[in-house]
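Presented sequentially are two complexes of chain A, the first with chain B as partner and the second with chain C.
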Partner chain A sequence: MAFAKPSIKRRLVRYVPSITIMVAYSCIPLLGIRGFWLDVLTRANIFALLTLSLDLYSGTTFYLNLGISFIAGSSAYVVALLYRYLGMVPEYSIIPAIAVAIALSTVIFLPSIRVRGVYFSVLSLLLPLIMVSLITSQPLSLYLGGEGGIPLPSLFSSYARMLPPRERIPFLQLTWFYLTTALTIVAAVLSYKLAYSNFGFMLRAIGQDEELAEASGIDTTRVKLLGFLVSSTLAATAGALYAAIRPPVTVDVLIPANTLVPPLTAVILGGMGTIIGPLATNYITIVAYELLWDAIGRWRTIAYMLLLIVLVILKPQGVVFHIYLKLRKAIATKLSSVTWR
Partner chain B sequence: MSSLLVCEGVTKRFGGLVALNNVSIEVGKGEILGIIGPNGSGKTTLINVISGVLLPDDGRVIFDGKDVSKLKPHVRVSLGISRTFQGSRVYPYLPVYYNVALSARSVYRDPEIARAKTNWALTVTKLIAEAVELPINLTPFKLRMVEIARAIVTNPKLVLLDEPFAGLSAEEVEEVIKIINKLNNLGVTFIIVEHKLRYLMKLAERVVVLNNGIKIFEGPPSEAIKDREVIQVYLGGGVS
Partner chain C sequence: MGELEYILLFGLFHSVTYLVFSLGFSLVFGVARLPNLAYGSLYVLSSYLAHALSSYAGLEMYWAVPTAVLLAGAVSLVVGELVVKPALKMPVSVFITTMAVAYIVEEVLNMLMGLRPVVLSLYPGTSSILGIAVSNHWLLVVGVCILMVISLTIFLLRTSTGRAIRAVAESWEESMRLGIDPLRVLRVTFLVTGIYAGVTGVLLAPLKAMTPSAGWSPLFAAFAIVVLGGVGNLIGTVVASVIYGLLEQAVVYFLGGGIARVVPLLIVVLTLVVRPQGLLGRGE
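Up next is the complex of A and B:
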């Protein structure tokens, strides 16, 4: 046969850099990093889920899903509402919230997923804005928390209360970090496998020529819907975790500038559809943004935006994934010279 | 010869323009049918209606005894209708292998069969050496081969070729003709839309001539070039 699967050795060599990075990242708290920076990394983990959500669907199909704010926001609000009206704590409400958000977004987006063109992107941009208006308008604001949001206990706080007071916050920070890290690793591995599977290549084919894809045998509606469902699951998980870890839930979670722009930036700079590039860029940009505060204070937003503009102009196809490829090639060359027993 | 494809009174309108007006054709199993006509005569529209890219406003498309008029293109592919497009449409940023393999994978559930069929299609079209290349690095001839490989990988009963010889040299056209003949000998039926009548005459047993969406002639190519109406609307007084 002319083309066959690569050998186990080749596949192992290919995954060495990624596995090393994942293990090293999980060991960060062992280096004594706590407090503010552990919080930053937990937030970066949640945004990594949003980045994966955006890259897996929009990075491959080029159907820009500007509605991840809506999906994440729906999930966050369901977590908050389940506590407010049913007294359900986040430990129990996260999974139902994810299911409700996926169902809601599928019902709303399904008609636009079925057709070609910009309808999906336009609808996805409008939805979070409509939801913000609804939540802050009378009389719905009385039930949905309005601009003040809905307070709720944070995830695992009931367990933390059993500990001595000075151990509670470190316990919560560590637990949140490891929970979000574990979920991000699982999501990253699954997203990577999907993006580079036949299914992922079908999504890419749809992105490059949907009419051709349909005419050459691909059930484009089914493939797009499945891709959207996976992407929605990731966004809904991020939203539910965000609500559970950073209460209260306010309309901020629905505003695209907060929950869409950072992942979108990561996807564009990282290299659309590459999964690894946007994922790495997500962490780099979030950590760099915080480091800039120490260096230049409030000027960081302007400096950050200028850097993004320059990078997008110089490397419109993305920067980080190409650096990763060069690193991987160098490591693979090195490793392939090692004798395998 | 039993019929593989029957188009009954197919009509397609785009607003006020009637692109196909009550066109009926019948294609036998294992036949090679040529469709000719001047620009804008409705040839590609007919291919689009048969493949499902466009739905007819009136009339029916019956394939292998089944009415497929309302079926989506990917369903028709699984039933055995595949096609190429005018001007070589490929996925520009997917390697040649995936350009072909995705069609195979959409039809065959078993990945091993899909892989074997992909390798077969790449071998028939002599694309093995280019399998890992991106189509943007290929010559027009190789791009045409990618399209043909993608069309044949799904094990079709009927292949619709839209201007397969456009932009190719005489030697390259001969290569394409060899592949068409080879597949036809295996029982694959072809409908070929083509401007280069001299090449079509080598292949097609029958031609259908369209003009302004109306079928004006159906018969052997040797008679088409003698038909007064065909000469007037298409050939302009002689064979190209």
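Up next is the complex of A and C:
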């Protein structure tokens, strides 16, 4: 089906809010924000990749990929192990780690991607927990770092050492922030394009009714596998970056409460499959999570879970994306009334 | 020969406990059409409740244990009513809500009781079976588990509620045409399976260290057993429990407890590759 392409003006008007937000976000360090909050935003960028990974596949197909912790954890551990056994620093090990994590997760998940039903979701939840057991118990704990994890130098630390001591940490914080921001922007644009392309609609068709999608000529296994590969690439990138920026690599990266629940909350609260909603929600929830620390301390995890339950039951279609649509419409109406020359 | 006897004996003991736990899991899976990820938390919760009732409320163990089991059943009922029933329209929701409940239970126990494992007192004494010294508590566990399997089978086959559960597990639409209220059946199923998870928890608490996260391991074992045996297949579940129990004990004996955690993963992946409908399950 062919739709008439909107005019350049209309397209520009449509993208103005998103482009403004991206530019404004990139300028945050110019406002003098440094230290803890810049670290929080860097972490939010990494979690944004996980959120996009979850939303692109699970938000469209409704096959819950609870194994993003496994994929992210695998690439984080490969980064750490490449340093421990081959002396490879994160600057060089990030890309091989992403490739290994994708290959590993594809081999394990392929049988469950082929069949319908809940097998994929349960298997994806099972994997990270098994990996935690393997890493923390004998004899593998001797090779995989056990509870203490694997130490490694952080990304770009070798360059930072050439600077005067006072400038090292600000340099690293800024570099990490801009690197993760750039990657997140690229990933967000690609995910958005993909989610609303023909391929994205095929994923959504599978989510609505897999049998019907198959009957209408979609090779569902192939589409699911391709969707899974793209989603895994994002999760593996997040894991490798997390390892490189926040060493040492410990089993914390594999525990779903740490690396699955925040993106899952963002996807549900943001609006499944909408990409923009979950992405915005990711930043709101991570900043809110840090602000809540003083108020409710460790109870914040429980607050997250309760929010998740209430949202899933009362607002399964999400909240943030609808607010975004209303805002965009209001801005577009304002801009349309301006005469362009 | 000693090794083989040990693996056989403890493999069968574990199989019986897995069978009871998996039957409850399979029943909810059949009726709600989705796995209840909070099922493992009921197993942990019952042992923590029994510990709390005996240590802090001063109840005798023979009162604390049944009270804890009934409370686990009540919690399961509440989970079914408040968290599962409203989310049934969207299958993916049940998955998320029950997982969230599991993490809430884990976090609350972590904060209230800490990471130190809870161990309930053992039924005293040892007996010798095949020349192997076995704790009498294991014999009690096996006896109670066998009784529970028999009573569940009679309940499902001989009572009208049991028949209604089987009908709903077969088809929600058809059962409604027969005048069965599937939501009432769901309620009963959650209560019964909560009690089954609770009994397994208090029975195994003296033998295994119960930590707040201890519920995931039996949950995955139950999932592997249900996948291997075929969803909703009683005989398949029995056969799969025996295979699982023996395989797990063999791996524990020869390779250690850490590696044994891979057993459910191995079973699920191999079953999905070779026979996705399970050993005795029907094809799509």
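Just so we're on the same page, the second predicted complex is superposed on the first by the 317 of 341 C-alpha atoms of A that agree within 3 Å, B and C clash if a C-alpha of one lies under 4 Å from a C-alpha of the other, contacts with A are read in each partner's own complex, and residues count from 1 in each chain.
By our rule, a contact is a pair of C-beta atoms (placed from the backbone, for glycine too) under 8 Å apart; a residue touches a chain by one contact, two chains touch by 3 or more.
Model, not experiment: these values are computed from the prediction.
Asker: Check whether chain B or chain C contacts more residues of chain A in the superposed model.
Answerer: C
Asker: Touching A:268 in the superposition: chain B (first), chain C (second), both, neither?
Answerer: After superposing on A, A:268 lies in contact with chain C but is clear of chain B.
Asker: Counting only touches as set out at the top, which of chain B and chain C does A:198 meet: first, second, both, neither?
Answerer: first
Asker: When the two structures are overlaid on chain A, which partner does A:302 contact: first (chain B), second (chain C), both, or neither?
Answerer: Touch status of A:302: second partner only.
Asker: With both complexes overlaid on chain A, does A:122 touch chain B (first), chain C (second), both or neither?
Answerer: It touches chain C, and chain B stays clear.
Asker: Look at A:208 in the shared chain and tell me whether it touches chain B only, chain C only, both, or neither; answer first, second, both or neither.
Answerer: Touch status of A:208: first partner only.
Asker: Which holds for A:24: it touches chain B only (first), chain C only (second), both, or neither?
Answerer: So A:24 meets neither chain B nor chain C here.
Asker: Return the residues of chain A at which the contacts from chain B and from chain C coincide.
Answerer: No residue of chain A touches both chain B and chain C.
Asker: Where on chain A is chain B touching in the complex?
Answerer: Of all residues in chain A, those touching chain B are 1-4, 198, 201-202, 204-205, 208-209, 211-220.
Asker: Please output the residues of chain A touching chain C within their complex, sorted ascending.
Answerer: Where chain A meets chain C, its residues are 58, 62, 64, 66, 108, 111-112, 114-116, 118-119, 121-123, 125-127, 129-130, 133-134, 136-141, 256-257, 261, 264, 268, 298-299, 301-302, 305-306, 308-309, 312-313, 316.
Asker: In the complex, go through chain B and note every residue touching chain A.
Answerer: 51-53, 72-74, 77-78, 82-83, 85, 89-94, 97-98, 101-103, 105-107, 111, 115-116, 118-119, 122-123, 128, 131, 150-151, 154
Asker: Which of the residues in chain C come into contact with chain A in the complex?
Answerer: Its residues touching chain A are 34-35, 37, 83, 86-87, 90-93, 95-97, 99-101, 103-104, 106-108, 111, 216-217, 220, 223, 227, 256-259, 261-262, 264-265, 268-269, 272-273, 276, 284.
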